[in-house]
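Shared between the two complexes below is chain A, which pairs with chain B and chain C, respectively.
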Partner chain A sequence: MLTLAATETQRARPGPWTLGVTALALVLALPVLVVLGFLLVPAGEVWDHLAATVLQDYVVNSLWLMLGVTVGTLIGGVGTAWLISMCRFPGRGLFEWALLLPMAMPAYIIAYTYTGLLDFAGPVQSALRGWFGWGFGDYWFPEVRSLPGAVVMLSLVLYPYVYLLARAAFLGQSLCVLDVSRTLGNGPWRTFFTVALPLARPAIVAGLSLALMETLADYGTVQYFGVATFTTGIFRTWYGLGNTAAAAQLAALLLGFVFLLILLERLSRRQARYHQTSQRHQAIRRHPLTGWRGLAALGFCLLPLTFGFLVPAGQLAAWALEVAGATLDEAFWRLVGHSLGLAATAAVLALLLALILGYGQRLQPTRAVRTAVRVAGLGYAVPGTVIAVGVIIPFGWLDNRVDAWMRATFDLSTGLLLSGTLAALLFAYLVRFLAVALQTVESGLGKIRPAMDESARALGLSPGAVLGRVHLPMLRGSLFTALLLVFVDVLKELPATLILRPFNFNTLAVRVYELAADERLADAAPAALAIVLAGLAPVILLSRSITRSRHAQPN
Partner chain B sequence: MRDPANCPEGARLAPENESLGNDFHANQPSPGPRVASGQLVISGVSVAYGGVPIVSGVDLSLVRGDIGCLLGPSGCGKTTLLRAVAGFEPVASGEIHLHGRQVAGPGLNLPPEARRAGMVFQDFALFPHLTVARNVSFGLRHLNRRERQTRVAELLELIGMAGAGDKYPHQLSGGQQQRIALARAMAPRPDILLLDEPFSSMDAELREQLAREVREVLKREGSTAILVTHDQHEAFAMADRIAVMSGGRIHQVGSGFDLYHEPADRFVADFIGQGVMLPGRAVDEWRMDTEIGLLTGCRTHGLYPGARGEILLRPDDILHDDASPLQAEVVNRAFRGAEYLYSLRLASGQVILCLVQSHHNHAIGERIGIRVAVDHLVAFADQTPS
Partner chain C sequence: MPVARHHLIAAGLLALTALPLPLLAAEVNLYSARSEELIKPLLDRFSQETGIKVNLVTGKEDALLQRLQSEGLNSPADLLITTDVGRLHRAKEAGVTQAVTSARLESAIPPAYRDPTGHWFGLTLRARPIMYVAGKVKPEELSTYEDLAAPKWRGRICIRSSDNVYNQSLVASLIAADGAEATEAWAKGLVANLARPPKGGDRDQILAAAAGQCDLAIANTYYLAGMLNAPEANQREAAARMKVFWPNQEGRGVHVNVSGAALTQGAKNKAEAIQLLEYLSGDQAQTWYAETNGEYPIRPGVPISATLAAWGEFKADGINLTRLGELNGEAVRLMDRAGWK
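Entry: the complex of A and B
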């Protein structure tokens, strides 16, 4: 009887990993849970006011934005991916990785840059006036700061998501499948539309849903362009109207959109498994494009690269040189220090958590652990604004409770222990960017097959030695990548930093935002350029892996 | 010692199977009159990648309803030749005619979609986003809905998969996917079916059975087909005529029986089946003198009397006979179920192979009696003439 009872308690008690990982996941899910919890709280007048006035604008603008970005990223991403993977034309090898460069450009920075370039006082309009002798009001010029403008800006920097996944899908397609279509009487164009495109569809949709998540999360661009969306609405309701509940409810609505996108992405990825047709890569014999066709392909690839990276980066560099003497002062370097310190701390913490979650899943792959890990990784889809709201509400509540208790008991005010400090900011970064580290660590761990652990153990290594002599050497690359990706993402993050930073604590991204808000676009250039340069690091990593996969193909 | 006149009937006349009167000739300088009516005529075709010749000067022809096979080790150019017929590789020289129509030649390279050549690929290449029925009807755009449905039903019936039309490829087993790929290629009734190693992703035990099944399906539809494979058993099970390729050219064309028993050169002798080369000297045009006695075949061996050469000895040419005065030492043995394949060392140290029913269980080191029964005396002159 005794033994039976013992085994039953053992069975009922979840292992330490399960408990730890589940607790961790719950803490990380807190902001989202808080925001969703506010759906149950009546917000009263302010909400009625929002619903009657601006809510419709938020929804309609967000939908237009998503539709526009869908069209833009599909044309740019799928078109370039097809040309790069199936055709041969001048510059193809260069474009293969260079098309990723716009990824280094945060949407708000490209928006500020093009505003500086294209507004009335900017070099383009000034030049036009100079050439044609026009004056103010003599001519029509498209307004950059508009909804279509925001669509173009976002498309220019988000198409690489679609490009990356579509390219991988096209390369993963068995050439035989395309050949079969030819032998069954279909020409190259028909084959593209009836076979290649439907096969790549899940990958394309997955890439598109990532781009749309970024679109929904964007705050800097739409705020600057005066396009009222959920993110700007949350800020307005929070700061302007001072209504926490209504802001949280807007955030919850935004989350609804995001969850639809997550669902879309997950379904697409599941479907993509069946659409992977090739067991081994064959040498692709790319269709040569000569004469005007080659030039057209070159032009098509040059377009997003030029306007998504070369022009804005060039303009930023020009401005930065112009103002370098005045802006590269002690204050600037302090900003750099803040940004780097914050990003590095967040990266290390994210890596540690990712390792705990990743190993927890590997050691105890129970359903509870796997679910917990998935929940912990959901933050990547949640806009920074939403996370900030979800962090500040419970932290502020906790601070007030502690403060009240301390005052009542010891007559001592503790003030804001968490919500006004870097702790809140770091926590928000972890919630948002843990998934990036987690994904990288998981894929690294996935490459270490259990048979390797077992053979190391069979060769006489202790579990600790297996970790040190087998896992760490194999994981080194993945760990570095995870660190780098989180580091750069934190550096670029704007809205969460804006809401959660301690008073008078500035980072590069926040400084760029503030200067742009004051229309001091040129002064913002050094900080913006620093962010773009940091953003190049993950792009270089990605392009290196692309080049490597190309060399791995038997050619 | 046997008189050539007493050779067994089957040995002298290689079985022609169903393919009596077929015409699958290789390296024939002037095509015979029947070739004009050939379903596939390849004449003097060379294919090169970036200046490196992959296929050089191949001649082949195939009449309607025949199943041919390109057999050879990997890298011999067989798949390239097949892809040239399909239209995926341009020919550097020579001509390809399909059903009396020139499809490739100098300055002519009809695109694959205009050739009416169906193709079955190594990994089947089913369209994963389409159901089985829509896969099969993919090439039937020229038909109306009803005709398409009829043709699809007919083909699914033919391959024994009626009722599977609504399934998706990933729900099928490998063998089923393979049959669907075949049905899809056959659906538009192509002038020729090209099968590129269609069984290579199958279990070894399944391959021969599938090859026979596919052969039956092709014969019932009256299709003309070419199979590419490196597996001789597949080739034997499926093809009427087999062309052995290596180094981009065709060495010999014939039935499996011909290739095994009367290989035209050392490459074919080595590539098809097992065997060893035993040195010997021609006594006259019929007989060779060797370590294991005077050997006589049913046909002349082609060496000048007195010339030194080597004789191909297949494992089934050596019989185990306890009463025989000729003895050899067992140096190795491989158990094959019904038989043992013994490696036997002769007095000179030369090792020969011998296939023996497995109830004759001899230990390594034992000396056993053997007898020679060579019907087809295949001899090659020494490579380095002395």
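Entry: the complex of A and C
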């Protein structure tokens, strides 16, 4: 209660952190605000038409998709995280990092490969027909391109977010708590459900909300599968009906979903605090699983790895071999360079911003600051194309204003200063992916007790020094995680890159899109595989750093 | 770990220095909805012949159009290239294009495939005929697009989603020919005749038909041409089972769309841009499109590939394509009401 009293007194005076953080958050929220601004533009009777025909489909399908992905990623992510953290079974060391691999796989690419494999005309069904002499309609086979199919595809590539954060949380849990539970006579299952799971809840929810926001923003998979959701509706309204205002309003409605999601989460853990009371971390005594239990654990971990990574990567590799040689030229390596460079730059910038926002919020947890930070993180749930439009419009406006003013005042044309530059593209990345870094940094900061800050301040450190000398060393694992998550996300990003990039500048994702949009999957395979391979290194580094972060904890 | 981070930062800075530098030589800037693969080789040839450098951004047409609108007169783009007439029309409506007068363009491109006021020019033709599985359907059974709603095709047709602009412009052409009411009834009949809910792209429809899921597939011809020459054996085999039927030959002709280009309102390299337009409408470029991507030349008489020649000649719908652009929104609403996913 003492800690609460201390923060109450701080709330009274808005310091430079409050102003800085609010301003920064506002700039980052600009594209989202532009989209929301369209709510004021009358869209005419298009809404009557939408409401009478397709709107219900958009809402219902989006909700089912979210529900399905919630179930899929929770089972896959939390289950594997617990097994890996707390048990010993064959292959555990391998799975520890390999379970993250599906993260390197863009959702639309996994959708393409599974369609190629499992569709009616694909090798699996063709072989079945060949063996049994079946024809069309003689047998039942699950339809890949359907709502359940989309749920499976998205769950397969998104469960690592939950796994990653849940595992970090399980590893970070003070063993004393778990030991107390066991001494009180709880079995391993009971301990898991009544102690470990509730304690890890903020981390799991953070991972889940990332997965759900990614799900809401997905366009490639649902469009290819013919599932009408909010995103496909936005584009249909924009492209087909040519109504930008109504499309932006649909996007605003989508944001409503996200707000609701965030609100529910905040409400549900209103009073709870999750700081660790004891910093005593011994090496975990992993519970050995032998016999069929060991095999079951092995199978449980093998499942998501196989279908989320091995099968699609194998299919990509097979396709890539068919067209190898022709593609691995100098231009290809330039694409690799562009993709890596952009991803690295965006990751570093996102981390810096997330630190400033996250720490600012900790210093001055006023309503204004918290709201600003939440709004700045909203971009993650917005389809990349919508973000890009939210960047294009204000940047174009600003550029043209500056140009007009310069012309009028100095008779000098400055042209477009921001539009069509890499700076605009990087800004869009930050808007889109800041949430990833922010969630990670926030959950890291959440585990550091406020008493630490107070002691450090009492010893005469400035707020900045507290961050630099106290928090940063403790946060190393979280920071590294944030960096690599953004890196991998930017590597996979397509729509904003497509719209905002400068002349003569391509990336791997653009290359994959252009060929895949032309339904030339084999030709697209080498670039797709390159994205996956480039994502592998960070993913493996990530896993190692998490394991090590436990050993680096102070005793 | 600090070492790794340094490398990442260095890589990022390197990427930033890769910004295109302003060049002194003549150049022309393109916003292209055509993918790099299907335009860069021609642009390179153009540069070789004329010494004019071409800078390229590819992307989706609506997004490029939005970018053009927001950038206004200061936009660096000189030309906007799209793969569908609806967007050319929309660009003109949005006021981001300007009229071009060029005797060469006017003689190379038939009037139906260019804007009457010179705001946009078609560059290639994209026909959307009916494809049928050889042996399962006799060509005598087929006649018109309108006939696809007849009960005899129940459960036998594959076509992609109505999200797709090629379907939108096909339906727009039906509205223009038969009126909105008749077309809505037609769309309902077509939806009832589908073998499966619409999914995937044009190639998917052809693959599904060849594998036995349906007997007819509606697709643009260049997808079939691409499949016949694809690296994957299953695509080549599937395509070989399909035949092309040109519908409505007794009447208005088969539905065609164009890929085309428009000069932007604020074009700073106007002369070079028009030169490029003329080059793209010339015989060399027209033949290249027919050979490389199986699209039809914008005017008859240009040599075409053996693949295209084998499908025979056809009569194309002569409607001025501007009309299809105007009807696009109505087509989408109609398809929504008909339950065409």
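Heads up, the rule we're going with is that the second predicted complex is superposed on the first by the 320 of 555 C-alpha atoms of A that agree within 3 Å, B and C clash if a C-alpha of one lies under 4 Å from a C-alpha of the other, contacts with A are read in each partner's own complex, and residues count from 1 in each chain.
FYI, a contact is a pair of C-beta atoms (placed from the backbone, for glycine too) under 8 Å apart; a residue touches a chain by one contact, two chains touch by 3 or more.
Treat the numbers as computed from the prediction; the structure is a model and nothing was measured.
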First, second, both or neither for A:399, with chain B first and chain C second: second
Contacts of A:54 with chain B and chain C, given as first, second, both or neither: second
Touched chain A residues, chain B compared with chain C: C
Touching partner for A:187 - first (chain B), second (chain C), both, neither: first
Touched partner set for A:136, first chain B, second chain C, both or neither: second
Partner chain in contact with A:501 - chain B first, chain C second, else both or neither: second
Chain B and chain C footprints on chain A, overlapping residues: none
Contact footprint of chain A on chain B as seen in their complex: 86-88, 111-119, 121-129, 138-139, 141-142, 168-170, 184-185, 187-188, 190, 194, 201
Chain A to chain C touching residues, read off their complex: 49, 53-54, 115, 119-121, 123, 125-126, 135-136, 145, 223-226, 228, 232, 235-236, 238-244, 319, 322-323, 337-338, 340-342, 344-348, 385, 388-389, 392-393, 395-397, 399-400, 403, 413, 415-416, 419-422, 480, 483, 487, 495, 498-506, 510-511, 514-515, 517-523, 541, 545
Sites on chain C touched by chain A in the complex: 1, 4-5, 8-9, 11-16, 18-20, 29, 35-38, 55-60, 62-64, 66-67, 69-76, 90, 161-163, 165, 168, 197-204, 207-208, 210-213, 223, 226, 230-232, 234, 238, 328-329, 332-333, 336-337, 341
In the complex with chain B, residue positions of chain A that touch it: 174, 176-177, 179-187, 195, 198-199, 201, 274-279
